[in-house]
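The following pair of complexes shares a single chain, chain A, combined with chain B in the former and chain C in the latter.
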Partner chain A sequence: MEHVQLGRGDTDFIRAVETESGQKVSRCYQCGNCTAGCPMSFTYDFTVSRIMRLIQLGQKNTVLSSKAVWMCASCESCSTRCPNHIEVARILDVCRHMSRRAGFGGARNVRLFADAFLQSVRWHGQSHELGLMAVYKLLSMRLFDDLTLAPDMLLKNKLPFKPHRIKGRDEVAGIFRRYAQGRGLHGGGKK
Partner chain B sequence: MSAKTYAYYSGCSGSGTSKEYDLSTRALCAALGITLADVPDWSCCGSTPAHMVDHALSAALSARNLAQSEQLGLDDFVTPCPSCLKNTHNAIEQMRDPGFRKEVDRLTMRPLARKHRAFSVLQLIYEEVTPEGLALKIKKPLHGLKLAAYYGCLLTRPGRSMRFDDEENPVSMDRLLEAAGAGMLPFPLKVECCGGSFGIPRGDVVARLSGRILELACSMGADALVVACPLCQMNLDLRQKQIRSAVRLNFHLPVFYYTQLLGLALGLPEDQILLDKLVTDPKPALAKIEIIRPPDVPAQPAKEVPA
Partner chain C sequence: MKIGVFICHCGSNIAATVDVKKVAETAGRMAEVVYATDAMYACSEPGQQAIEEAVKKYALSGVVVASCSPRMHEATFRRTVERAGLNRYMFEMANIREHVSWIGRDQGPNTVKAIELVRMAVEKLRLNRALIPRKLPATRRALVIGGGVAGIQASLDCAEAGLEVVLVEREPSIGGKMSKLDKTFPTVDCSSCILGPRMVDVAQHERITLYAYSEIESVSGYVGNFEVVIRKKAAYVDWDKCTGCGLCIEKCPSKKNFDRFNEGLGSAAAINIPFPQAIPKKAVIRAEDCRQFQGKKCGICAKFCPTGAINHEQQDELVTIQVGAIVAATGYDLADWTVYGEYGAGRYADVITSLQYERMLSASGPFGGHIKRPSNGEEPKSVVFIQCVASRDPSIGRPYCSGFCCMYTAKQAIMTRDHIPDSQSYVFYMDIRSPGKGYDEFTRRAQEEYGAQYVRGRVSQVYPRGNKLVVRGADTLLGSQVEVEADLVVLAVGGEGSREAAGLAEKLRISYDSFGFFLEGHPKLKPVETNTAGVFLAGSCQGLKDIPFSVSQGSAAAAKTLALLSRDMLESDPQTAQVDIKRCIGCGKCIQVCPFQAIREADLRGQSKAEVLEAVCQGCGLCNATCPQGAIQLSHFTDNQVLAEVEALLCP
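The block that comes next holds the complex of A and B.
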């Protein structure tokens, strides 16, 4: 297990996590139930209960640069089993937002896949599987991943070549544009 | 049953990787007397990537679809996809906070006028048709078929928010399939994660998590897995070949959508349930239907069939 040299607690960070997630992190009493049920722990640098503790201690950089906040699959096992009804998965989600905004790379391919997916939605109004795979492969340079799946998908006619462009795609693009412009309340940005 | 109409949101995968889920859902609902009206010109809910980036952005993408559903004059929004459901459901829930709602309205520029409710088609069938009601309509019972129902993470969790079935031990699919005559195994991994959207960026994660699900279902003697989620289905079925070589086990387990099997039991034709879209060949499993085993003989574990 990795050791953490505790830095000075950043109380603004604790408050920001609480505001953006609507959760009280101080309610966590470190029972470890979240970690016990977490299916993604094997990919994490810090287990989810340690992430909760690090947030309580205001360890902003350690949390936001952790792999754990990027590898969470949002399966809600932690939120379901928390005896204090903390929405743990939402807290991890919020940390991932902060990590992205603060420019921590995170798990690179996970971030790039999300980018490619949303780009597809922005262009067409709906996600287009073949197109977003192409964008992801170019961004990540993982050109040969999953090529073995293509024959089955083509054979079963499950991979439309052309994206379905919805009529309201400009409206959808507008949502992304306004989001990128002023991130008022929750988008937050530079805190 | 109510004669109500529900706003139907098929979700993006319904036009591609999970066509068979969308079509069989529509056919099943029609056969059960449930009227679905497509949300006009719907857009993507943003799925996992959107809520990974920002909650207001994610909610805004869902709110646009709710706004589109208002054109139908309907409040009840149903979708077969648990990921779309989760996003729509969270959007409705989080928008109860006036500050959050204001930000979402700023993004969509279309404030919602109605009070919306979002739920899964599974919930609709389970609660409106009920297993007892379904049993009366079964034409071709699935006798002899041993199934493991796999619900995935999102459909019922967390219970305080999703308010459907049991969060740790959901039974809705089991009960419906039982009503259709199938034998349901008590599957312990029914809500364990399959790896979700990590399939593309981290195939190793999906191989490990989905591999465990397939392996256990096989060793319990299941003829097939039954799912209600396009992403779970894709991970477990389309990626089964990948998973086989990653975990070095030789399982061939078909992964049905529950709507396909219920449709089959209702006697719906193949072009409405599209069993030929499944990658892992379902024929050996389907051949077991009608072969009624003597009740006392314990089930044989599935043989590992060579590739």
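The block that comes next holds the complex of A and C.
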């Protein structure tokens, strides 16, 4: 393992995470309660509490290229259990955004799924599962994954062929528009 | 009047951001100031000597020192001017450290403000008068509230030194939390074996009067002369007749009641003696559990009592005593651990608190000293300890470290292996805090000799699997989630101030914090004093402590009490309210606002007038501010003195 050079931590990164998330990372005293309750920990390369520690030390590249920030399911167990009132899930969310803006690869398929999902919502006002799956599978080339689930879902009418377009479609589109104006949609992420 | 002004540098504390030379120079031109200078450390020996010499050389009649807070050194400089031959109230202090140099970085404005504060002090001093304290007789008796180990120590020390002591304990027996413990760290000696003899000493001491099962009803008076009303709660048993034989407990038909002494681990009869070594060893009936009080036909205890001590008609009794000093030693209560739903306390029988575990380990406890799972009575082979329950957790409003849990957990892990050699303990901890004599070695022994597995991380969940409990947590050193199957889970619950502390603090007129701990006079220099003269603190009521520290503080509070009451006469503070009889119209508003009942109505040739009981007056000034006639004035803080300060500030 490489030495972590403590004096060369990226303090701008710490400040940026704190500003964007509204959280104070120095409040974390490494009790590990977030890690203890995390249901996605088995997929992580670093546990949540280690991600918090890496942020405290300004280890920008390690954090933003980690798998953990992308595998987080935003269940917010960590935020709920944190004795110091830190919204840990919010911090991970901010890291995902940063990772994307800075062009770190991250977990490609998670990113593709998120894009396909948002695209679907933008078009229809809510997600159209079949279309979403089609786009995601084509982009990720994971054509045959989870295919065995399809018959059951079709039978239960969970995968309608026609998208159901909701009434407030324009309002939903407005959300996307306002976000794009605020920050430049997925700014810089798509290199 | 000839005034001398001394501006203190306080090293660089003041001089770094205040131009002290300029302040002294300006002060030299103020009204009636004949001498002004600066000093490196005014409070040091040469500093004080310089003041004394200046008083003599320039025939000063008043002194202003501009330095730190009067809370820090007013008493110091009052003694200085007194040594120089002045009255101690011919002194004023301007706080240019806490109020100026420590809070502002800019030298220009700082210097201006310092000059303003000095001018205010000078203007007030010009109106100061010499005040003479009165001598008051003191009652040479002390009241100790709380019969835990700290209160016991304070009582014994005071009584040994010849003082009369009244010890009041709200529970039926003295002994406090320590009497519930099985063993004590780091020596693993039996708690009741070392505490028991002390409790007996209290009972047998000719100068200690013990009021058990009693509470403080009210406190009035002042240092040296407190009047305290004690409520002796009805035990429904005549304690003069009760011999503590225990026959009533055996015969009582209402046996399935919450056992307070055993933390609810066993069950207690409605008439009960909490534990075999109880002092006094007298029975108490709890009305809420007793069949007789629920209107059912019973009275079995009365039928069997060989001495006829049972008296269901007994009433609370009020006793009034006079004391010169009060030691509060009310201890702590466990914090509320049931807020942690994820640990399952209350839902799963095999999740218990550390204090319940102590009762389980104790040979006189409900389990006879055998560790058993409350659910099925089996011997647990895997015991998990979870530390920092309701400690170091800002999310539930308990940000502080309780200080003793690391140590008692290590002890309990050792005792577990001692009782069940083929058991395994797991301790989930955040940091091990063991800064005491032999303490850290003790936690190492728990791991090295007794094989306790210490896991660094918090626990997120405890849930049942079969008839076992699964504890899921993190090992942050490993960087991984961990899981362990447990037969018994012990929560190392932290403490908070006694639940009745706030009410008592108000009766004693002392301060307390949001966690229920009483506030000491100064965190370092007055750890057992309070801001109310004659009231001292001992033990965990001031902040959580282990046994050695509680005992030390008990002795410290006793030393303070003895020092106070070693004199036959006490000096009263002359900064009290004075009534100008000519102006007083007898409206009685001052009587209404006085929080100390220090003012009464007096008759002067047929006219009603206010009269101040100087010994009771605390000099708060409420009457002064209320009086519509300006007839009642607070000595040393008269309207004119305060107005002179305001004028010095607004129209220099």
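Details
Note that the second predicted complex is superposed on the first by the 160 of 191 C-alpha atoms of A that agree within 3 Å, B and C clash if a C-alpha of one lies under 4 Å from a C-alpha of the other, contacts with A are read in each partner's own complex, and residues count from 1 in each chain.
Here is the rule we use: contacts are C-beta pairs under 8 Å (C-beta built on N, C-alpha and C of every residue); 3 or more make two chains touch, one makes a residue touch a chain.
None of the values given here were measured: they were computed from a predicted structure.
In the superposition on chain A, A:Gln30 makes contact with chain C only, not with chain B. Shared-chain residue A:Ser74: touches chain B; no touch with chain C.
Once the two complexes are laid over each other on the shared chain, residue contacts for A:Lys167 go to chain B alone; chain C is not touched.
When the two complexes are superposed, the chain touching more residues of chain A, out of chain B and chain C, is B.
Using the contact criterion defined above for the overlaid structures, shared-chain residue A:Ser65 touches neither chain B nor chain C, since it reaches no partner.
Judged by the touch definition given at the top, the superposed model places A:Ser41 against chain C, while chain B stays out of reach.
When the two complexes are overlaid on their common chain A, residue A:Phe117 makes contact with chain B while staying clear of chain C. Residue contacts after overlaying the shared chain place A:Gln56 against neither chain B nor chain C.
Shared-chain residue A:His85: touches chain B and chain C both. Chain A residues in contact with chain B (one complex) as well as with chain C (other complex) are 42, 77, 85. Every residue of chain B that touches chain A in the complex is listed here, in rising order: 12-13, 15-17, 19, 41-44, 46-57, 60-61, 64, 68, 97, 99-100, 102-103, 106-109, 153-154, 157-160, 167-168, 191-193, 195-198, 200-203, 205, 208-209, 238-239, 241-242, 276-277, 279. On the side of chain A, the complex with chain C involves touching residues 29-38, 41-42, 46-47, 49-50, 77, 81-85. Interface residues of chain C facing chain A in the complex, by the touch rule stated above, are 342, 388, 392-396, 430, 456-461, 472-476, 479-481. Residue ranges on chain A touching chain B, taken from their complex, read 20, 22, 39-40, 42-43, 71, 73-77, 79-80, 85, 87, 93-94, 96-97, 100, 107, 109-110, 112-115, 117-118, 120-121, 125-129, 133, 136, 140, 145-146, 148-149, 152-153, 156-160, 164, 166-169, 171-172, 174-176, 178-179, 183-187.
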